[in-house]
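Below are two complexes that have subunit A in common, paired first with subunit B and then with subunit C.
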Partner chain A sequence: MTKQIIEVENLSYKYKDATDLALKNISFKVQENQWLSIIGHNGSGKSTLSRLLNGLLVPEENPDTKIVIDGLELNSENLWKIRDKIGIVFQNPDNQFVGTNVQDDVAFGLENRNVPRSEMIKRVDAALSAVGMQSYKNAEPQMLSGGQKQRVAIAGIIAIEPKIIILDESTSMLDPEGRNSILKLIRKLQQQKGMTVISITHNIEETLHSDDILVLDSGKKVAQGKPEKIFSNMEMIKKAGLGLPFIYELKQELSKNGVEIPSDVSTEEKMVEYLCQLNSKM
Partner chain B sequence: MSKIIIGRYIPGNSIIYKMDPRGKIIAAFFFIALIFLANNWITYSLITLFTFAAVFATKLKIKTFWQGVRPLIWLILFTSVLQLFFTTGGKVYWHWGILNISHYGIENSIYIFIRFVMIILMSTVLTLTTTPLEISEGMEWILTPLKYLKVPIGQIALVMSIALRFVPTLMDETVKIMNAQRARGADFNDGGLVKRAKAIIPILVPLFINSLTIAIDLAVAMESRGYREGEKRSRYRVLKWSQYDWINFAFFALLTVLLLIFRNH
Partner chain C sequence: MSIEFKNVNYIYNQGTPFEYQGLKDISFNLTDGNFIAIIGHTGSGKSTLLQHFDALLKPTSGEIKLAGFDITSKTTNKNLKSLRKKVGIVFQFPENQLFAETILKDAMFGPLNFGMDADLAEKNAKKWLKRLGIKEELYEQSPFDLSGGQMRRVAIAGVLAYEPEILCLDEPAAGLDPVGRKEIMSIFKEYQKNGHTVILITHEMDDVAQYADDVLVLQQAKLIKHTTVADLFENPEWLAEHYLNQPHAARFAQTLKQNGFKLKQTPLTIEQLAKSISKKMREYNE
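Let's turn to the complex of A and B:
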């Protein structure tokens, strides 16, 4: 049985100087060790939501609002315990690099938690080898590529061993190769360490492999479900200002031409297989 | 552009590089005090020899040290010349109105010259062989007693290290902005002083805005990674004393003793 790791109820948020709510009455749940993708157009509230989860932003007092992370309700008392459970990798790799070199940066989160130095050394080494950056230990940020900096940021997060890792467009500044290798790395960590992953992305293809997708539109949650379910709801996707992944686009075009593809054909490989079979039958 | 060296540090691996920054900073300050012990030819020669020994021990090119002295050479010469013409005492060799060249004047102006140059050389030895971060960490350790006066030394040190870390980033940012302005026809190399100064403003404004964005992002990232102001933090980087520091201190002790002996001769 899977455990529920995030539970959000009736969450709304308004920025101080804004007229509109950035988030409107959002409720959702995430199971442990799942990969949740959050999609939505620019300004739909994705980053706001992620920052509310670890208390970087604080919602207005409301008895109906509830944020529970790994059994702990988010309040000023539990704030720091919850920050130990959630690590966020931000979009711009430069602006989250605090240390003067790679190992200092990875150690930053540990220093904040007053971890003894001997323990820090072990954890920094382990985190750096997990992301394949141990040979860059002493490198300074300006000597690293964007992808390498993003790996260091991830190492800094896994060093504190969070249960949840949030990627807020963390791969959007990388080339396809850099992006794939980072995603592979995160997937490996998810499987090996049982982490829960929340991935905020504009790359719709990336979401195909997730267990769950949450769609936001102008601060409202419009859908949550498996990729097959989300992407078969054409109307909703269009209304939310999003595009379909290539494979669903293809399905749709095929269906227009009278070739119906069953809904369990949800990846490119399956599609190729199915079309080949279809071809041989004809 | 991102290869720019912050401060004046030049990488190297001679023995002085292996010394702890704390020891080097203390020694540099102590040296300034020591110089005032010198009062005759022997002691000034000792100081000069000692400084040259330190300069050679860095194994860096002599030219780099000259670059440290050069910007100040006119000031030094000016001060020495003043000493030369206005000091009276001893045998007078030449005089005209209130100006005169006396025995003491010659001696004093040479002493002043040596004093200035040696202090500059010694501090150049420190800044060439110690990274700005190390200097900041060394200063942090030296200023630790201020903690008892409620001065937030740890926070100041963190601010310093982050500032140093972002110098290259802001340099890159400046280049990017300059290139963007150039693409729109800005010209930074021609025109008079006023025109060039004016061309700087369109660089400074976006640079300022960009650094604010970076600062806000960084603050969010730091908080998200568990940074709490004023909370006790452990340290990953630590300074370690080594045998080289004892060698360093031993030399300074020896110099002190020699100066004390010979100053009364």
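Let's turn to the complex of A and C:
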């Protein structure tokens, strides 16, 4: 039986001095152990939403608003228990670096959770080697490149093994190879440790592998569903200011050139198969 | 005129236990007015190299010639202001560079600092803010109330407002949505076509294919290749050996080829790919 790990109802948020709501009456659910991608244009409210989930921001007052994380309602009493369950990797790693060197930084979250020293050393080492940064253990933050700092930030979160991990554009500075290896690592953790992953991303290709996609447009939820369902609604995607995955763009371009591809050809593998089948008949 | 790097070495924290070499014996010649991409893994020295273009870092040894300046380890900071007027750098996360109390003042800072008179500075700042899609009613607001993507645009407008001859960009589109990414990349391309040099650090091979003329490939502080875009992507084996990707369209064509569907030329963009596929199918039908 799958259980709901995140339940959000009627959530709104307005920044101080802003005229418009940054989030307008959002409701959604996430099943435990799922991979949810949140997409939307810059300023659509994605990061705001992630900060509301762990109480970094406080929602607009409304008796119908509810945030439930792993069975606990988010309120001042449960705040710290909930923060224990959620690890966020932010977009700009400079804002997250607290240690004077790499291993201290990764250990910070564990120290906060009173993990015994022997256990801590093991977990810091494991996390650093998982992201390929073990040889930088003693390096100071200013000696690292942007992408390396992102790796360290990710190690800091996986070391504490949270139930829910939120990636807020946290691989944006990695090269494609590095990004794939980090995503593979997170996917492995999701499968082995039963972690739930929420990934805020502009990398549309990456969302093709998620269980569920949530689309935000100007603070409103405009769609939630499986990738095939989301990307077949091209009008909605365009209206939300988003790009299409490669395969859908290729289909559009082919159609401009007079080649129509059936709608069930929805992944690159299927497209290769389809074209090669045509080819063998030629 | 051209941009010339001759045997440039750069050593961080020289003489301390933290010493390490950021650039190793880098030499190249770039043609003015081109769009040049710098690619390579995280930590390969791309940002270190970029900071040499306006002498924020000076070579530990070797020589750099650009925009009428000679930069060596002996170059003093004295005359660098006129160099920096000619070479604008947009750093990673340029939104961190915002500081003024209004958006307009922030975008005007560069031009004023480089001696433009106030009227012209304002005119230029407004021109580029508009070009970057910042609405006029926001000009008097604080830049810090903007969303991350908009802050990025204001910061970029602030560099373009003094219209540097050489525009250096360190992953300017990281974290922007796909539509915004296309928008600002086409602004940079247009800027180059209007007679400026653009140097772009990127991880996105699709952007390299679409916008750049030449490519510099760095690996572990060394320049391992300097070539044209077409030539770089003609050689998938070399790219794979160095853990670099082809553009998405070229990778897709490669998979097609492995499955027996051969295209005449390696397509670098989706448009080219779609054209070659449809052409092949038409040829058959005829």
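By definition in this document, the second predicted complex is superposed on the first by the 263 of 282 C-alpha atoms of A that agree within 3 Å, B and C clash if a C-alpha of one lies under 4 Å from a C-alpha of the other, contacts with A are read in each partner's own complex, and residues count from 1 in each chain.
One rule holds for everything that comes next: a contact is a pair of C-beta atoms (placed from the backbone, for glycine too) under 8 Å apart; a residue touches a chain by one contact, two chains touch by 3 or more.
Predicted, not measured: the structure shown is a model, and the values here were computed from it.
Chemist: Using the overlay on subunit A, decide if subunit B and subunit C clash or can fit next to each other.
Modeler: Overlaying the two structures gives a clash between subunit B and subunit C.
Chemist: Check the residue A:112 against both partner chains and state whether it touches subunit B (first), subunit C (second), both, or neither.
Modeler: In the superposition, A:112 touches subunit B alone.
Chemist: With both complexes overlaid on chain A, does A:54 touch subunit B (first), subunit C (second), both or neither?
Modeler: In the superposition, A:54 contacts subunit B only.
Chemist: Who does A:172 touch here: subunit B (first), subunit C (second), both, or neither?
Modeler: So A:172 only meets subunit C here.
Chemist: Which of the two, subunit B or subunit C, is in touch with more residues of subunit A?
Modeler: C
Chemist: Is A:160 contacted by the first partner subunit B, the second partner subunit C, both or neither?
Modeler: first
Chemist: Give one of first, second, both or neither to describe whether A:120 is in contact with subunit B, with subunit C, with both, or with none.
Modeler: First partner only, subunit B.
Chemist: Applying the document's definition of touch, where does A:27 land relative to subunit B and subunit C: first, second, both, or neither?
Modeler: A:27 sits against neither subunit B nor subunit C.
Chemist: A:280 contacts which: subunit B (first), subunit C (second), both, neither?
Modeler: Second partner only, subunit C.
Chemist: Considering only the touch criterion stated at the top, classify A:243 as touching first (subunit B), second (subunit C), both, or neither.
Modeler: A:243 sits against subunit C, while subunit B stays out of touch.
Chemist: With both complexes overlaid on chain A, does A:10 touch subunit B (first), subunit C (second), both or neither?
Modeler: In the superposition, A:10 touches no partner, neither subunit B nor subunit C.
Chemist: Going by the contact definition given at the top, which residues of subunit A touch subunit B in one complex and subunit C in the other?
Modeler: Of subunit A, residues 92, 94, 140, 143 contact subunit B in one complex and subunit C in the other.
Chemist: Could you please specify the touching residues of subunit A with respect to subunit B in the complex?
Modeler: These residues of subunit A touch subunit B: 51, 54, 56, 80, 83-84, 87-88, 90, 92, 94-100, 103-104, 107-117, 120-121, 124, 140-143, 156-157, 160.
Chemist: Once bound in the complex, which stretches of subunit B touch subunit A?
Modeler: Residue list for subunit B touching subunit A: 2, 133, 161-162, 164-165, 168-169, 172, 213-214, 217-218, 220-228, 231-238.
Chemist: Which residues of subunit C touch subunit A in their complex?
Modeler: 12, 18, 20, 40-43, 47, 92-93, 96, 145, 147-150, 171, 174-182, 203, 205, 243-245, 248-249, 252, 255-256, 259-261, 270-271, 273-275, 277-278, 281-282, 284
Chemist: Which bits of subunit A are touching subunit C when the two form their complex?
Modeler: Answer in residue numbers: 15, 17-18, 40-43, 47, 91-92, 94, 140, 143-148, 151, 169, 172-178, 202, 204, 241-243, 246, 249-250, 253-254, 256-259, 268, 271-273, 275-276, 278-280, 282.
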